[in-house]
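Alright, structures below, take your time with them.
Common to both upcoming complexes is chain A, partnered first by chain B, then by chain C.
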Partner chain A sequence: MKLLRTAILSAAMVTAGAAYGQESIKIGVLNDMAGTYADLAGPGSVLAARMAVEDLGDLVKGLKIEVIGADHQNKPDIGSNTVRQWIDVDKVDVIVDVPTSSVALAVNEIVKEKNKVFLVSGAASSDLTGSRCTPNTVHWTYDTWALANGTGNAIVKTGGDTWFFLTADYAFGHALERDTSAVVIKNGGKVVGQVRHPFPGQDFSSFLLQAQASKAKIIGLANAGADTTNAIKQAAEFGITQKGQNLAGLLVFLTDVHGLGLKTAQGLIFTEAWYWDMNDANRAFAKRFAAANRGVHPSMVHAGVYSSVQHYLKAVVALKSAADGKAVVAKMKEMPTKDVLFGEGSIRADGRKIHPMYLFEVKKPEESKAPWDYYKLRATIPADQAFRPMSEGKCPLVNG
Partner chain B sequence: MDINLPALFGQLLIGLINGSFYALLSLGLAVIFGMLNIINFAHGAQYMMGAFAAYFLLQFAGLNYWWALIVAPVLVGGVGILIERAFLQWLYKLDHLYGLLLTFGLALVIQGLFRHQYGSSGLPYQIPPQLTGVRDLGFTFLPNYRAWVVVFSLAVCLGTWFMIEKTRLGAYLRAATENPTLVRAFGINVPRMITLTYGFGVGLAALAGVMAAPIYAVNPTMGADIIIVVFAVVVIGGMGSIMGAIVTGFGLGIVEGLTKYFFPEASNTVIFVIMVIVLVTRPAGLFGRAA
Partner chain C sequence: MAQATEQTSAPAAATSHRSEVIAFAIMVLVLAVLPAFVYPPFLMKALCFALFACAFNLLIGYVGLLSFGHALYFGWASYFAAHLAKVGKISIPYWAGSWQWVTVTNSPMVPELAIFLAVMGATVLGFIAGSIAIRRQGIYFAMITLALAQMMYFFALQAPFTGGEDGIQPVPRDHLFGLFDLGDDRVLYVFVLVVFLLGFLLIYRVIHSPFGEVLKSIRENEQRAISLGYKTERYKLMAFTLSAAIAGLAGAIKPFVVQNASLTDVHWSMSGEVVLMTLLGGLGTIFGPVVGAFTIIAMQNYLSSFGQWVTIIQGGIFVVCVLLFRRGIIGEIANLFRIRL
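This part shows the complex of A and B:
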C-alpha cells in the first residue's frame, strides 16, 4: 500500500502545475484494504480513483491531484481517526468509497463538520441520503433501498412472499433488513422472522437451521462479502434450496460470485448498479482495470469510485476551487452527471445519485464463456424507480 | 420464550460440528505448547494454508479431497518443519513471549502474502461427491459432509491423544519435555523429535484446513477469524493438556451452538465470557495442572 501511495504521490508531483494558483486536490480513498471487503473495494478503489484522474486528461491539466489510500479495517473508530488526520493534517479535500455503513456514517458526520466532500461508493445504508443526509455527501453507486426494491420486488412478485432474514448485526445489515422488509410487506408478503449474526461471521449453519425451521419461502441474506458467500455455501451444503426454500442474496458483488464459483452461485438473483460486461465502454475499463489488479475484474463499487471522482473533479474545475465542500457538492448536484461507466444521470438534493439499477442472475457453469463471465441481465430498473423517492427519505435537507 | 426441541437438538449437533474444528485446532496448539513450550500464533495461518493447499492440489495436480486430506497436511507440516529449523529452535530457552511474537509475525506475513496473491474474497472448493447430500434425522437435517467431519476429527483427536499418552513414542516425547538432557543420554535424538512434533502439530492445523475448505470460504483471513476462539478454547481447557483441548473444543462448540439459538448476537463473545470465568476461578484451566 505504501509503495502504491508513494508511486501515486510522485506521479502527481510531476504533473503539478500552477493554473489554479495554490490549488492542489487530495483524494483520500478509505476502505477495507485487507479484510472481508478488500476485493470488492480495497486497493482496487484506489486504482479506480487514479484511473479516473488520468482519464480526465486535459480537463485537469495543471491541477495538482494526489490520490491516497488507507485501511479502516471496518472499524468506525479507526475510520474516524484516519479521516480527521487526513483533513486536519494532510489537507485531504474529498473522502471516497468507505464501504461498511457503520464507518461511513461516522465519516459522514466528520466530513460535514469540516466542510469537505464525501463520495460514497462502497457503503450501502440508505440513511446516508435519508435521516443522516448532509450537504457534503453524495451517495453514488447503490443503497439498501435500491437493493431491497430491485431484488425484493422481483422475488415477491414471482411468489416468494414469506421471508426470514439472516442479518449482519451492524448498521448496514439492519438498514438492509428494514428496507427489504418494507418492500416485502408493501407487496403483500410477510416477514416471519430474523436472526442477527455477529459480523464478521464464519459458521452460519445454526442460523440457517433457524431459517429452515421458520418455513419461510425466502431466506434473505442481509449481509455482504465473506458472510454472504459463507452463508450461501453452507445453505447449499444443508440442501436448503432442494427443500423448497430459496436464498435471496440482497447484496452480492462480482468478487463474491468469483469466490463461490458458478457451481454454487448459479441461479442467484440480485441487484447491482453496474456490471463490466454490459457494453464496450465497461469492457474496455474492465480490461485496463484487471490488468493492473491481478486479473480481478472491477465491481460496481470500483466503477462508482471512478465515476464519482470524475464528476467531483469536473465540479471543482467549474468552481475553480475545492476549498468549500458544501459549494462543490452543490455544484455537483447542479451539473448533470456524464461519464463512460454510468452514462448520463443526476444527483438529487438529498445527495442520492440517480441511475438505472439492474437485476442480474448468476449464469450456470455451462453458460459462462470466459473467466469473469458470470451475470445475465434479468431486468433493468429505470432510474426514476430505482431509488427511494426523496419524499420518503426523511432527509432534513429536503423536508425541513 | 418457547423452545422448539427439534431445533434445539439441531443446534446441539451443529455445535458439535463446529466443536470438531475447535478440537482439532486446539489439539495441535496443545501438542505444540506441551512439547515445545511455544505458543504457536501461526496456527491459524497454517490452517488457512491447509485449505489453500487443498485448492491447489485439486487445481494444479488434479488430486481430489481424499488425497488432499493426506498430502496437504504433509506439505504444510513440511513448511512447519522448515519454520522450526529456521526460527523456532533458537527460542526454546527464552520466555514464551518470544515464540508468541515470532509466530504472530509469521502469521501476519503468511496471511499478507496469500492476500496479495489471491485476494480476500476466497476461492471455490466443492464438497467431495461421495459426501454431498443431506440426511434427515427427524429432528434436523445433517449434511453427510458434516457427519464425516465430526467422526473423522474425533478419530484423529483420540488417535493423537492415544499416541501421546499411551505409546512408547508418546512417553519419549513427554519425557523429553520434562528433562531433555536425560532423554538424550538414553540415545534419543531430542531435537529431531521436537522438530517432528512441531511438524505434526502444524499438520493437524492443515488437516483442519482441508476439512474446512468445502464448507467455509477458502480465504486468507479464515485462520485469523477462528484462531482467537481456538486460543480461548486452549486457555479454558488448560494450556498443554491434550484431553483438555479435545473435550473443551467439543464442549465449547456446543455452548456456542446453544447461544446461537437463544441469543445469537452474543454467540461470538460467549466463549470469551467463559474464558474470563475460568481464568478467575481456575487459572490453570479446566484440565490443566497448576504449575
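This part shows the complex of A and C:
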C-alpha cells in the first residue's frame, strides 16, 4: 500500500542535507479529488502544497519534505480514518486543506488528539475557530462568517439595500441566511423576503420567480455547490440579472464561475479571499500553477494551501522540530505571516488567519479580455473587519 | 428479484455444516491476528460494515426481500448511539393543553447503555417500516423501504440534534461497563470483534433454526408457504425487524469507532453500498457479506490515495464481478468446492 502510494503520488522531495540530520516532514493534503469540490481544491491543492515547498528554496534545504494527497470523498468517516492512518502509520505531520465542513470538524478532533497540525483552507465552517477551536488548528483562507459579512456588508454599502434570500432548506443554508441577513440589517439594508428550496434542488424556477416578483435589488443565494450553480443558470434563463436585479452568491469559487461561463454568471457578486489577477505576484503564481494543472487557474483555496504550508514550514524551521504540533502552531501564531500571495498578515489566538477579503463582481462577456479574466473588484474589506471578532466566536482557547 | 432468488439456491450442494464451522474458525483466527498486520481502526470500521451487510443479507439472501432502505436503521442507530453517548438528552412530548416537552435524562450515557438504546431505536424503526413495507413485494417493497429511508434522511438533515451536515462529533470513547477503556484502540478492537461475532452467530443461528427454514421457504415460494398454513406476513415482519435490529447494532458501534455520526450513514447511497457489499461477497452465503464488506471498505480506504481514480476503479471491479463471478466471491468458491459457506 505504501508502495502504491509512493508510486501514484509523485512525492516532492527536497534533498536531505546535514543541518537537521534525519528530520523529515510529511504534508498530507486531504480533500475531494473527484466530486463537487475537486476543481476548487482537489489535485490542485496537492500541486499548490508542492509549489509552496519548492518556492521556499534554501530555507528548507536541510529538511526532507514529502507531500502526499488522498481523497476523502466528502465522507467524514473516510476522512477521519485516512487521517488516523496517516498520523499513526505514515507519520504525517500536518494535514492541509480539507474542504467539506463535516470532514474538517472530524479531522480537527483527531489532529488535536494526536498533537499534529491542521491547516484549513477548503472548509468553510466558522466553528473551526469558534466553539470547536483547538490549539492545533489554523483556519487560513475564509469562513462562513467572513463570506456572509463581506457580501452582506459591502453590497449594502455599494447600494444593494433590499434583499431576497433563496435558501437551501437545511442547517447550513439557514445559518448562511441568518448570518447574512443580520449583516444586511445592521448596515441599514432591508430583507424583503425569503424562500426555502429543498436540498439538493433541481428546479428553481418557481423560487426564482418569487425572488423576481419581490423587486429586491439583490437575490442572496444561501446555498452551495451544485445548488448555487443550478440557481444561477436558471436565473440567467429568466434574464434576472439583465432586468436589474443582482445575484449575490454566499459560497462561490473561481472554478464555479469558470464552469458557468461569463454569459451565465455575469453580474454575480460574492466575497473571496484571493484572486489570481490582482497583482504581479499572483499572476506569476497563477501562470505556473495553470501550466501544471491543465490550464485551470488557482482558486482561493489553492492559494490558501500554498500560503499556509509556507508559513507552517517557516515555523518548523524556526523551532527546528515538527514533533510537537501545539508548539508549531503557537510559533505560527507568534510569527507575523508574510508570503507572496497573501502579503502580510497574522494569526489570532483562536487560530483565525487575518487578511483582507474582497467583494468581486463577475464581468460581462465583453469586458473579459483573456481566458480566466472573470472578476472585477467592487470593494475591499479591510483585514480588521473581515473576520468575526474573537469575542463573538466562543472559542475556549481565548476565554481561558 | 426473481433472478436473485434463483441464484441463491445454487450453492446448497453440501448438506453438512462442517465447511461452515471450519470457515468460521478460519475467520475468527484471521480477525484475531489481522490487527498485527493491518491498521486496527480500518479493521474496526470494516467489521461494522460487515455486520451491517450480514444483517442485510439475512433479509435478501434468506427471505428474498430486497430492502433498499437499510441505511435508515444503520444510520439512525449511529445517530442515537452518538447522541446518547455525547449529550444524552432525551425529551418526550406530552399533551397538557398544548404540547410540552419533558426531559427524561440530560447527561451523557455509558457506551453499553447508549448502544442498547440505539439498537432498541433501530428495532422500533424496523418494526414500523417493516409493517408498512411487507404488504408489497418485489420492486414495490424496495421502493417503499427506500421512500421511508429517504423520509428519515431528510428528517436527519433538518433535526437539530443530528447536527445537519456536520453530524454529531466528536463522540467520546468512554469506559465500557466501567472497566474497559474504549479509548485504547486494542480494547476497542476486541469489543467490536466480540459484537461482530455475536451478531454473526445470531444470524447463523436464525438461519439454521426452524424459523429460518420457514424464511427460506418463503423465499422459494411464498404462495406454497401460505398454503402450508404459515402466516408468512408475520415471519417476514419478524425477519425484517430482526435485520433492522442487527443493522442497528452495527450502526450503534460505528460512532465509537470513527467518533462521529454523519449523514453519510443515512444517505440512500449507503443503502446501495450494502447491496453491493452483499452482491460482491455472495448473496445468500453466510460469509459472503463479510468478504464483500471488507473488499468495499478496503477499496474506499486504500484506493483513496488514487484520488480521482477511486470511483473508476470501483466501477471496473464491479463490472468484472458481474461479468465473471455472478454468485459473488464466496458464492463462487462454495460452488467450486460444492460446499456450503
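Here is the rule we go by: the second predicted complex is superposed on the first by the 313 of 400 C-alpha atoms of A that agree within 3 Å, B and C clash if a C-alpha of one lies under 4 Å from a C-alpha of the other, contacts with A are read in each partner's own complex, and residues count from 1 in each chain.
What we mean here is this: a residue touches a chain if its C-beta (ideal position, glycine included) is under 8 Å from a C-beta of that chain, and two chains touch if they have at least 3 such contacts.
From a predicted model like this one, the values you see are computed outputs, not experimental measurements.
Undergrad: In the overlay, answer first, second, both or neither for which of chain B and chain C A:Thr162 touches.
TA: It touches nothing on chain B or chain C.
Undergrad: Quick check for you: in the superposed arrangement, does A:Gln234 touch first (chain B), second (chain C), both or neither?
TA: first
Undergrad: For A:Glu109, is the partner it touches chain B (first), chain C (second), both, or none of the two (neither)?
TA: Only chain C; A:Glu109 stays clear of chain B.
Undergrad: Quick one: classify A:Pro76 as touching chain B (first), chain C (second), both or neither.
TA: second
Undergrad: Considering only touches as defined above, state whether A:Thr144 meets chain B (first), chain C (second), both or neither.
TA: neither
Undergrad: Classify the contacts of A:Thr271 with the two partner chains as first (chain B alone), second (chain C alone), both, or neither.
TA: Neither chain B nor chain C is touched by A:Thr271.
Undergrad: Counting only touches as set out at the top, which of chain B and chain C does A:Gln210 meet: first, second, both, neither?
TA: first
Undergrad: Would you sort A:Gly42 into first (chain B), second (chain C), both or neither based on which partner it touches?
TA: Both: A:Gly42 reaches chain B and chain C.
Undergrad: Contact-wise, after the overlay, does A:Thr180 reach chain B, chain C, both or neither (first, second, both, neither)?
TA: In the superposition, A:Thr180 contacts neither chain B nor chain C.
Undergrad: Which parts of chain A are touched by chain B and by chain C alike?
TA: 34, 38, 42, 169
Undergrad: How about chain A: which of its residues touch chain C in the complex?
TA: Those in contact with chain C are residues 1, 4-5, 8-9, 33-34, 38, 42-43, 68-73, 75-78, 80-82, 84-85, 88-89, 101-102, 105-106, 109-110, 125, 127, 169-172, 199.
Undergrad: Could you pull out which chain A residues touch chain B in their complex?
TA: Contact set of chain A toward chain B: 34-40, 42, 169, 195-198, 200-203, 205-207, 209-210, 212-213, 225-226, 229-230, 233-234, 237-239, 242-243, 253, 255-256, 258-261, 263-264, 294, 296.
Undergrad: Which residues of chain C touch chain A in the complex?
TA: Spelled out, the residues of chain C in touch with chain A are 39, 41-42, 45, 157-158, 160, 163-167, 169-170, 254, 258-260, 262-265, 300-302, 304-311.
Undergrad: Which residues of chain B touch chain A in the complex?
TA: By the definition above, chain B touches chain A via 4, 6-7, 10-11, 14-15, 17-18, 112, 115, 117, 119-124, 126-127, 133-134, 140-141, 143, 145-146, 214-217, 219, 221-222, 225-226, 257, 260-261, 264-265, 267-269.
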